[in-house]
Amino acid sequence: MLLGQCFAIMPLTGIRRASPRHVHFRFKSVPMIVTLIFMMASSVLTLCMLKYLLNIGVTAKNFVGQVFFTCVQCACILFIDLARHWPSLIRYWTHLELVFTKPPYEVLKRNLSQRVRQPALIIIALSLVEHSLYLSSAIVSYKQRVKFCTQNYNSTMGVSFDNYVKVNYDYVFPMLPYTRLIGVYVLLVNGTCTFIWNYMDLFIMMISKGLAYRFEQISKRIRRLEHEDRVPETTFMEIREHYVRMCELLERVDNVLSGIILLSCANNLYFVCCQLLNIFNKLRWPINYVYFWYSMLYLVGRTACVFLTAATINDESKSALSVLRRVSSKNWCVEVERLIFQMSTQTVALSGKKFYFLTRRLLFGMAGTIVTYELVLLQFDEPNRRKGLLPLCA
Amino acid sequence: MLLGQCFAIMPLTGIRRASPRHVHFRFKSVPMIVTLIFMMASSVLTLCMLKYLLNIGVTAKNFVGQVFFTCVQCACILFIDLARHWPSLIRYWTHLELVFTKPPYEVLKRNLSQRVRQPALIIIALSLVEHSLYLSSAIVSYKQRVKFCTQNYNSTMGVSFDNYVKVNYDYVFPMLPYTRLIGVYVLLVNGTCTFIWNYMDLFIMMISKGLAYRFEQISKRIRRLEHEDRVPETTFMEIREHYVRMCELLERVDNVLSGIILLSCANNLYFVCCQLLNIFNKLRWPINYVYFWYSMLYLVGRTACVFLTAATINDESKSALSVLRRVSSKNWCVEVERLIFQMSTQTVALSGKKFYFLTRRLLFGMAGTIVTYELVLLQFDEPNRRKGLLPLCA
Amino acid sequence: MLLGQCFAIMPLTGIRRASPRHVHFRFKSVPMIVTLIFMMASSVLTLCMLKYLLNIGVTAKNFVGQVFFTCVQCACILFIDLARHWPSLIRYWTHLELVFTKPPYEVLKRNLSQRVRQPALIIIALSLVEHSLYLSSAIVSYKQRVKFCTQNYNSTMGVSFDNYVKVNYDYVFPMLPYTRLIGVYVLLVNGTCTFIWNYMDLFIMMISKGLAYRFEQISKRIRRLEHEDRVPETTFMEIREHYVRMCELLERVDNVLSGIILLSCANNLYFVCCQLLNIFNKLRWPINYVYFWYSMLYLVGRTACVFLTAATINDESKSALSVLRRVSSKNWCVEVERLIFQMSTQTVALSGKKFYFLTRRLLFGMAGTIVTYELVLLQFDEPNRRKGLLPLCA
Amino acid sequence: MLLGQCFAIMPLTGIRRASPRHVHFRFKSVPMIVTLIFMMASSVLTLCMLKYLLNIGVTAKNFVGQVFFTCVQCACILFIDLARHWPSLIRYWTHLELVFTKPPYEVLKRNLSQRVRQPALIIIALSLVEHSLYLSSAIVSYKQRVKFCTQNYNSTMGVSFDNYVKVNYDYVFPMLPYTRLIGVYVLLVNGTCTFIWNYMDLFIMMISKGLAYRFEQISKRIRRLEHEDRVPETTFMEIREHYVRMCELLERVDNVLSGIILLSCANNLYFVCCQLLNIFNKLRWPINYVYFWYSMLYLVGRTACVFLTAATINDESKSALSVLRRVSSKNWCVEVERLIFQMSTQTVALSGKKFYFLTRRLLFGMAGTIVTYELVLLQFDEPNRRKGLLPLCA
């Protein structure tokens, strides 16, 4: 499972350190340097955009790009911070997991590495589709536009890679001179940013799956006890100890991860709001509609997925309650009482810096809030929407 | 009680399987085929409408029909899924209920089948009134319009069944050729859809009544113990066991039903918001006002009814708490303590996929949210409202 | 205390039955007849207004009067329903209170009847000021208007009582012919309605004070035990029994009263929103400003008062917790544990039909909600506000 | 620590009494007189502004100043009220703290006086920067304006201190005659008001740090017990007693402080909303932008800081729970059970008059609410924003 995670981290961003056992964190290491190079590269773009926006004036529309880059930058910093604590955390985790691989706990239907790998592969595939759709949409729009403009306005723009980059990433070139190298560099950084942006959510999901799996094992074990006639107190003592330890592990993971969770949530909420706001916008070409709808569904789906996956920890941690409540008077003991009390009163879940806990109820509340925001924003955006499409060739 | 439910399911939609004892679910069965035929029939209409909407442009107003059809389709799928789990669930339920039909538990004032049948009959009657009002409203409007147009614009439209269907279900006929058969088919499908739409809520209410009844019996039994001097621990043990079993049954029912609950809630909220939004719209004929107000009150009433009926489960499950708190020191035992603790800390209620629990507090929160939505939507809709009525003969 | 309440009920509305001990409820009694006469009298006005509104078109502004009359009508019906249950409730209450008048419980600083009478007198005084300000405001506006119109437009309206009533209650006279008797009748009914409207809140406050006082006595008794060295378990048993009984009394009162609470809350929220919305309206004469601001502050103050007084029940019921938590190991027993558990987990408060509980937290949530509503409503009302004052002499 | 607090109170506002040990409160004392003089001085300004506003008409924009002055006045009154209860509170506190300075409790990494002093110094420094930026911004705007107006409109305004004060505090001089003394007095009162305004938040933070520190010590002590093999029940008894006492101290502090907390929160929310609303306003000179953004960030930062610092009390009070849950069966006793139960069910936190508790969850809820308000307000403010800058020389 840990292997899966570490593997997943590295190739995607090319910036984390390897070796699941001898994991170390050094500031002077190759992955660290790669990360720093990437961060510098992307911060150049961020600054370009910032300057560009300050020149033409910030609006809600063109602000999206800025938010995107800032999020990615923050994510990088948070991941570096996470990397610092990762070695000790992963050792603690691995040590704790030894218990769960042995007999009293059984391997569940789909084992852990399968569970962790599956969403990773799906998310990666879908995000690849999303990014390639984005590129196709941009390229097709660009081509159609050139075609249209040359026909109607005698504009002499030719269809070329250089021109495409210049038009689509127009915020870069007031500051940097255009060379083909810089064009490629801009495309690369944009692509990598998109991956990191997806990776943040993916990482939370994988960690959640890992933790939820262990709570599920505990629940399963308790459920097996249901049909036994006489359960010694020591068994419950052992189970409770493992449960408490898992809670502590969750606490430690949460301390390290909750910055990323907070960023991911804020980021997802912002982009979902933005995309939902654009539903009624008119677009010019069919491919834009395809990209837009796919992108929106992908975003909403990914956000829901992250929340629901994280909420499974909470669900699983409580799932054994119903069995424990059926423990008969004969088997009743202080340990069972303590376990029930803890399960009932403690919120076992990943959190966003303890400001909120990722549970199913939260998702419901958030959905309500998003609808409110959307309704107000739609009204706010009414005048822009009525204007319709801007003229194509300025 | 189960008979009542199964009977109620079948005749209405004609799509579920019979036999309360030997209930089976087979994909290859007559009711299944009927359901599938209906689903295909209605999906043809859904697609017609979708295409029609994409042609003339989606607005908040004409989107309502699309939502209606999509809801009905989803409801069908969810009911088929429910049907798959129904046989095992109903066997478990019947088995569990045997305990509650015997002496320690008494039959309550109005017995279960009365309780279940009564709301069913009321809802069905009211929905029949609603649908016939809808039809009268549509027919009267149509007639008046034809009359008005022939008088003032020399239009030659005659009042005929064919024409009525063509005008009222105009979204069907760009795709399908008009024959009288198709006209009847459109009317039939629309009627059936309305019934399924009502049936969803009715089903939730009946299940809730069934569960709440059992919790009420437990409460009643506990209340009878209040005046007894000396209650043996085994009595409380038995009561607690029954309570826990009922909670488990609720859990199982909830797992199977919560998809339908979620759909029903979303659906009700959407239509309540829509109808409340239309309060200030001007309508042309008095019959339209009658239909509109009746429809709105019916909808709001039905929604409140579903929520409140479902909330009775939660209310009943806690109603014995006050008696248990009065248990004197003499009768106090671990079993009573466990029962009190469970009643205090567990949320015993049907849920919408665990995102929210159907309790009285939820209804209060929802009311507040709906008011907020309404206020924003009313403001949003201001320009449309000011336009007033469209010209009658285009 | 009960005397105070019964007295307070009767003279104000002149519609409830007397005699604190032998309280009975008969449909055929003098107070009942008075009530019914009043209800018919006011329903005539309600219908007049309804017809008038349907003629000139309903707007948010002129709807206020309709809501006012409908609230008063509902309040009457709810009070009659309350009166039906009152005799048995008051006997139960009086019986229960006997315990609290004897030694182990001491009389608190300000005794109960003082506490109950004080807010009653204040509210009645303030509401009298409010109503007389309303009348002065209406009369002065009317006089000024006549003066202004005769000067500028040669209108020949004279200042007379008949004319005043006709102008101010213009909704009555399309339906009823004007005679001086009917004029007086309209004024009387309006005055009585205002009193009932205030009385609803006053009643809730007095009941709350009565209940909170008893919980305070229990808390006080527990607090006295703090410094005793050795407390026998029987003492705690007794205290817990009294506490549980008080909770049961609260439950019974709540069942009877929660309809009125729900109405009062909805009513207060609606009028507070309306009045806050009118803050930015321009008024013509200084006396209108005086009335308007006084009325608004009175309304907000009264609403806050009702909520806070009702919330004291909740506060007092928990106030002994901190002392119970200090009970030393020596005195620790199951009874203390049960008492602490009950106090921690049970929400002891009056409720609005169990949809919400009147606690301090609710007030906070409501304040937030009102601000949201106000902001949206203000925006909604913008166009009306910009129009300014209407011409005086139409 | 107490010294730090008392010192911090006095020099800033010059209005509280000294001597940490023999703290007394007398109405007839020098600090009291100073306070009263200041209050009168500032109330003169408040009244000037009120009269000025009533003359030119109240708008959301010019209302800010009025709110500012009213807040400061309320803060003064609340601080005087606090001062009345302070001597007895501080004696109780000091007495209670003796326990925590002795061996079983260890001094934490950064000791208390460091912790209390540090935020005080930072806040004071930042607020000084803020006020000087405000002054520079005002002066530069004034100078530029004079320069611009003399060039373009031949206005003969000279740049002078007198003129500056007249222009910037124009609300004062319709009521008071201008002399240089009054000019200085106006500046001084404004400066002092700003300090009191900051001091309110600072005071809450320092008290919070003081309380959180003690809870942290208790947690630390419990955490040390984790590795001990056999812990006697008396140890837990002692810890629980200290914990309960700390809760009582918190309760007392809260009773005295919660008025200030409520004012501070309302005040911060209002100003944060106002400042966020002004984000899109155009300003004339760069220094205005610098001041505006610094001021906004300072305000948001300070508000977040107050909330988070106050929330640490809640965090620390629960931090020992995870250790207590690991207490093995051997060491398990009633005292541990009671402690766990209390920690789980009691909300240990400062509150705003019990309407809400300052916890991390509250901050999350508030953030959501602020966003809603902002969205509605932005829309509301749209027309004003579109107008752009007013002409400079009127």
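To keep things simple, chains are lettered A, B, C and D as they appear, and every chain counts its residues starting from 1.
Going forward, contacts are C-beta pairs under 8 Å (C-beta built on N, C-alpha and C of every residue); 3 or more make two chains touch, one makes a residue touch a chain.
Everything numeric in this text was worked out from a predicted model, so none of it was measured.
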| item | value |
| --- | --- |
| Per Cα centroids, the chain farthest from chain B | D |
| Chain copies touching (chain A, chain D) - same or different residues, decided at half shared | different |
| Cα superposition of chain B on its sequence copy chain C - rotation in ° rounded to nearest 5 | 90 |
| Where chain A and chain B are represented by their mean Cα positions, the distance between them in whole Å | 36 |
| Junction residues of chain A, two or more chains touched | 341, 345, 372, 376, 379 |
| Category of the chain touch graph - line, ring, star, complete, other | ring |
| Contact set on chain B toward chain A in their complex | 233, 237, 241, 244, 247-248, 251, 334-335, 338, 341-342, 345-346, 352-356, 369, 372-373, 376-377, 379-380 |
| Residue numbers on chain A that touch chain B, as the complex places them | 315, 321-322, 325-326, 329, 332, 340-341, 344-345, 360-361, 363-364, 368, 371-372, 375-376, 378-379, 382 |
